[in-house]
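Everything below concerns the one structure shown next.
Read from first to last, the chains carry the letters A, B, C and D; within each, the first residue is number 1.
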Amino acid sequence: MLYFNSDYMEGMHPEILKRLSGINMDKNTGYGGDAICESAKEKIRQACACPEAEIYFLAGGTQANAVVIKSMLAPYEGVVSADTGHINAHEAGAVEAAGHKVLALPEHDGKLDAGEVENYLKRFYEDESHTHMVKPGMVYISHPTEYGTLYTRKELEALKDVCTRYRMPLYLDGARLGYGLAAKGTDVTLPLIAQVCDVFYIGGTKVGAMFGEAVVFTRHLTEGFFTVMKQCGAVLAKGWFLGVSFDQLFSDGLYTKCGANAIETAERLKAGLREKGYSFYVDSPTNQQFIILENEKMNELKKNVSFNFWQALDDDHTVVRLATSWATKMEEVEKLLAFF
Amino acid sequence: MLYFNSDYMEGMHPEILKRLSGINMDKNTGYGGDAICESAKEKIRQACACPEAEIYFLAGGTQANAVVIKSMLAPYEGVVSADTGHINAHEAGAVEAAGHKVLALPEHDGKLDAGEVENYLKRFYEDESHTHMVKPGMVYISHPTEYGTLYTRKELEALKDVCTRYRMPLYLDGARLGYGLAAKGTDVTLPLIAQVCDVFYIGGTKVGAMFGEAVVFTRHLTEGFFTVMKQCGAVLAKGWFLGVSFDQLFSDGLYTKCGANAIETAERLKAGLREKGYSFYVDSPTNQQFIILENEKMNELKKNVSFNFWQALDDDHTVVRLATSWATKMEEVEKLLAFF
Amino acid sequence: MLYFNSDYMEGMHPEILKRLSGINMDKNTGYGGDAICESAKEKIRQACACPEAEIYFLAGGTQANAVVIKSMLAPYEGVVSADTGHINAHEAGAVEAAGHKVLALPEHDGKLDAGEVENYLKRFYEDESHTHMVKPGMVYISHPTEYGTLYTRKELEALKDVCTRYRMPLYLDGARLGYGLAAKGTDVTLPLIAQVCDVFYIGGTKVGAMFGEAVVFTRHLTEGFFTVMKQCGAVLAKGWFLGVSFDQLFSDGLYTKCGANAIETAERLKAGLREKGYSFYVDSPTNQQFIILENEKMNELKKNVSFNFWQALDDDHTVVRLATSWATKMEEVEKLLAFF
Amino acid sequence: MLYFNSDYMEGMHPEILKRLSGINMDKNTGYGGDAICESAKEKIRQACACPEAEIYFLAGGTQANAVVIKSMLAPYEGVVSADTGHINAHEAGAVEAAGHKVLALPEHDGKLDAGEVENYLKRFYEDESHTHMVKPGMVYISHPTEYGTLYTRKELEALKDVCTRYRMPLYLDGARLGYGLAAKGTDVTLPLIAQVCDVFYIGGTKVGAMFGEAVVFTRHLTEGFFTVMKQCGAVLAKGWFLGVSFDQLFSDGLYTKCGANAIETAERLKAGLREKGYSFYVDSPTNQQFIILENEKMNELKKNVSFNFWQALDDDHTVVRLATSWATKMEEVEKLLAFF
């Protein structure tokens, strides 16, 4: 059986396991107050060209989103998101559990449109009864999006511009950021993200880390963040595990290599499927590919390949997701293509 | 100046004020545990033909919605609503503040469509990752809706049917229920509502009461409701004020009379405006009328009439709301028409 | 039967009813945006000698506490209170429902001791793991307390001093403030309260108002307070009802008169019971009197007098509460004394 | 430098690392739906002699407590705990953040007394205004407690008895359960815990696991638990990491061995310090030892030993904590003793 379900099926990049094995019996300070975390943070600051960044390591993406959003919103504020945003659709109401509404706007290939956000804000403040409504308090985007698509530099700057004018922080969910940075033709870099965002996270769980996400506040933005983390059950006793992953990922370009492998294998997958005449639901330049299959073909494929059902397109066709990752081997892609 | 802004501008129906004045210095048990509340509850049970109903009086609509929804949902559940539902749009995130997501579906003249609700539920449970998503735990409708429109008996029964099959309670927000019951041609009665709903509230604030809403659980559905009320600051020390309003409203048909006055004046308003060639944004059979005005006309009207901006239709036209009520005099409507 | 259960058994002071009756059919702007509320606020600002005060009217005490505390705390903060504080004991967890811990310290006749508060804060910040703990974010006191006792000017200033040094707002719950201000020998006035507190509320429900509490921020302290009110179901559609009560109460010294009546009748009650040899659980200078009765006597009294059980003292004695109010007549007190 | 700060300084037991290294590049189903987790659960069911147990793996103790308590309480309920309970003192208000009050009772060497719990419940229900108060909805205990002490079988059965009579679930926080089970003279076993508790967790983070806690519901007690986990950010994408730890810990008695090592080294530590005339703040039979030191001695010790400040005893003496663990070597204890 071939597995293309997701990018978090394997453990961790072998270099991280090697480092971990070497220091497993060392004694470390708890709760992330150790030297390895400190070293990892410094490397991330450099990679982001953002020396004043405040960095926290959390265990997963839903957790990171919940804690960041809770820490940044006033009780009467909500968070603007594309309706397909992970926080709106697949986090079981974590934002609402913290007392805040997700203010969903229509998505465009998974993305928010800066003009539409501005129009929404304009109409909100024009509405005479807006004090009876949830105030838009921040903007959430994901990059890559849930459809694997990417913002351009121009699009990010336009969003930043709207946020600045309406005094709202811009938050970027980078669960698969490594794959976005490695995509062909993107003009979005880590330093750019650190410039346009107030806060973002660099995903580790899906990009070679043991697990964990690095939340980056690009300047001092929030008080008591550690205590909010603790309150949300997001402080790991052995926080240095997270430090180990990020310290390795940001040494010798490992994060970049992890990203590149997923993109190369995804590009081969795309080309191979295109050659065979398959069509795509979305044109994704990253590691998630959304393919339209006849149901008969889909059921036949299931015998040899494990993948993700995405959504029914019509009575006869289904959109399925195939994901490559830092760990995908080109030979697996070739084997996969042979089944199409 | 003429005022057609809303149905809660005056105090209370004079009969209620008279009753209140007569007993103002009596000593009553606190927190709604008094004989007047008990009497009012019994009258409501009879009006609903629902002898086993459990009834609580709350001070306002947002409060009633928040307390009822909080008391009925498990932590992982949300409430299905039309996207124009009051809980989704104009209650400042009260449902989310209690930790729950509003699961908004498209509205049709302010109403949920039973078929669309069913389709949504079907797709929800078919989705392999639905345990990562907020579970639909109840259905919220308003009757009349925020657009003044009404469900038919058949539509309510269809919604009830979907709810029953998916084991979800159906909750009806009756902030303006008196106006819905009095509308021309409706086949929806209080006993029908008590049959199809698990819980609903009979609006007092907007229908002649001093203030207050009567929440009616049509059978024993929730433990600890009084304590949830207290926790939400929804227990009035002098709860008997609420009892006085509802005891009067459900004596000698006063609630019906209040409804009828608003409908008669609204019907005259509609006929008069139609005669003059004005068109309506929605065809509302109740006390709220949504009229399309040229902006020039609207600005002229503002000099003599106070009304509510609803939404911009295009660059030259605006939708405005004119509301009649239990207190509107026919002569006020005639004066109003003279300004068109 | 004589009723000494509480200070919220009657409706409202007759002068308020008279005013209300006169304007019942007037048309008022909703949600407290009316001229009567504005007038009432201005009178309160004058009574407090605090021209920059921001004032909001809410319907009840639990609601006022919940909304104020929610609006002022960060997610990682809690509120310091005496363990007998109403928010800790009798508000059904309203503070916790908004996500915050009540940090309870030992009470002394219902009061917090400034030295103990300071010691607690000192130890908190000395604790190396205090970022794993709820940060004390504000101090809550009630005046009169739940035992009817009063802070002195010196005690309030000492609390203020601690709060200032630790940058925490001081919040005073004045549910029965009118009775505290009217007590014999107190050196605490409204202007003093406005000086030492960041925010407090002037209780109306228990001091002659129809119902309602006036929350007074002594300077601009919070954004979005109205929206937090709305979210908590604490915005009354007919907000002008609250304005009417407070506009009357702060005209011609009515609030003072209401307070004085309760104190005079309570003083007579105390003197009468002392003469007859009864003893008191707490020495209360306000309208709530806590009397120790032999259980046999208590049961006999129940035949003619309605009062509140407070707590069992030992197997043979019980503490009961007798409350006078703005509405108590001296002849009722004399009749009551005759039963002892 | 010698480190006796805590029991979570090292990584994981070498056998777990070995297993992890062997399967690091295998492809596993996400979110704990893999075969390793299934195997671990079955082994735990056997160790607990509880075949119907429902088991979930979470990443840490605060997270486990928050999710379990949220999933089991109604909105109007709180959780009874000793005032020193971890949920009351050191989890940053996680229970309150989910909307629930911690109902703190006095601790006795860190333990709740069944008689006192019963007395509290009796008084609660006797109080006429108990519907205005937070209803006690479950009982939380820790075993070992935060002071390292243990309940006896008799004490646990007495608590269970009270809980049964008042229909409240009993929840045991076993963050250091392995050390409790291995203590000399205890009559508490895993099967006993599964009998007396409705739900408990077996701590892994502090007892040799990479990290993670196994929440054991001893029968089907809650709906939607996985979704509550997801909402709380407590679903690990690579959930099989948690399975690996517990599958190893419950193979060949590894959990027992981990416990035994900590107890043996702690016993040597105790004996050694007693011989040297030191006294203990609490008589702890487990791996945490609370020692009273003169401040001068404490400061001298700091040069060579890293340990935890616990609390100031008086001006001249301090209580410090020394913790052994699954990883402590006897030679480290001997070295430590040499510094006293």
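In the analysis below, contacts are C-beta pairs under 8 Å (C-beta built on N, C-alpha and C of every residue); 3 or more make two chains touch, one makes a residue touch a chain.
What you see is a predicted model; the values in this text were computed from it and never measured.
Ranking all chains by how far their C-alpha centres lie from the centre of chain A, first place goes to C. Between chain A and chain C, the centres computed from C-alpha atoms are 50 Å apart. For the pair chain B and chain C, the distance between mean C-alpha positions equals 33 Å.
Between the CA-based centres of chain A and chain B the separation comes to 42 Å, rounded to the whole angstrom. Touching two or more other chains at once are residues 75-76, 91-93, 97-99, 131-134, 227-228, 230-231, 235 of chain D. If touching chains are joined by edges, the resulting network of the protein chains shown connects every chain directly with every other. Every residue of chain B that touches chain A in the complex is listed here, in rising order: 75-76, 78, 89-93, 95-102, 104, 128-129, 131-134, 308-309. Across the interface of their complex, chain B is touched by residues 3, 5-6, 8-12, 14, 17, 20-21, 23-30, 59-67, 91-94, 97-98, 205-206, 210-211, 227-228, 230-238, 241, 327 of chain C. For chain D in complex with chain B, the touching residues are 70-71, 74-77, 98-99, 131-135, 223-224, 226-228, 230-231, 235.
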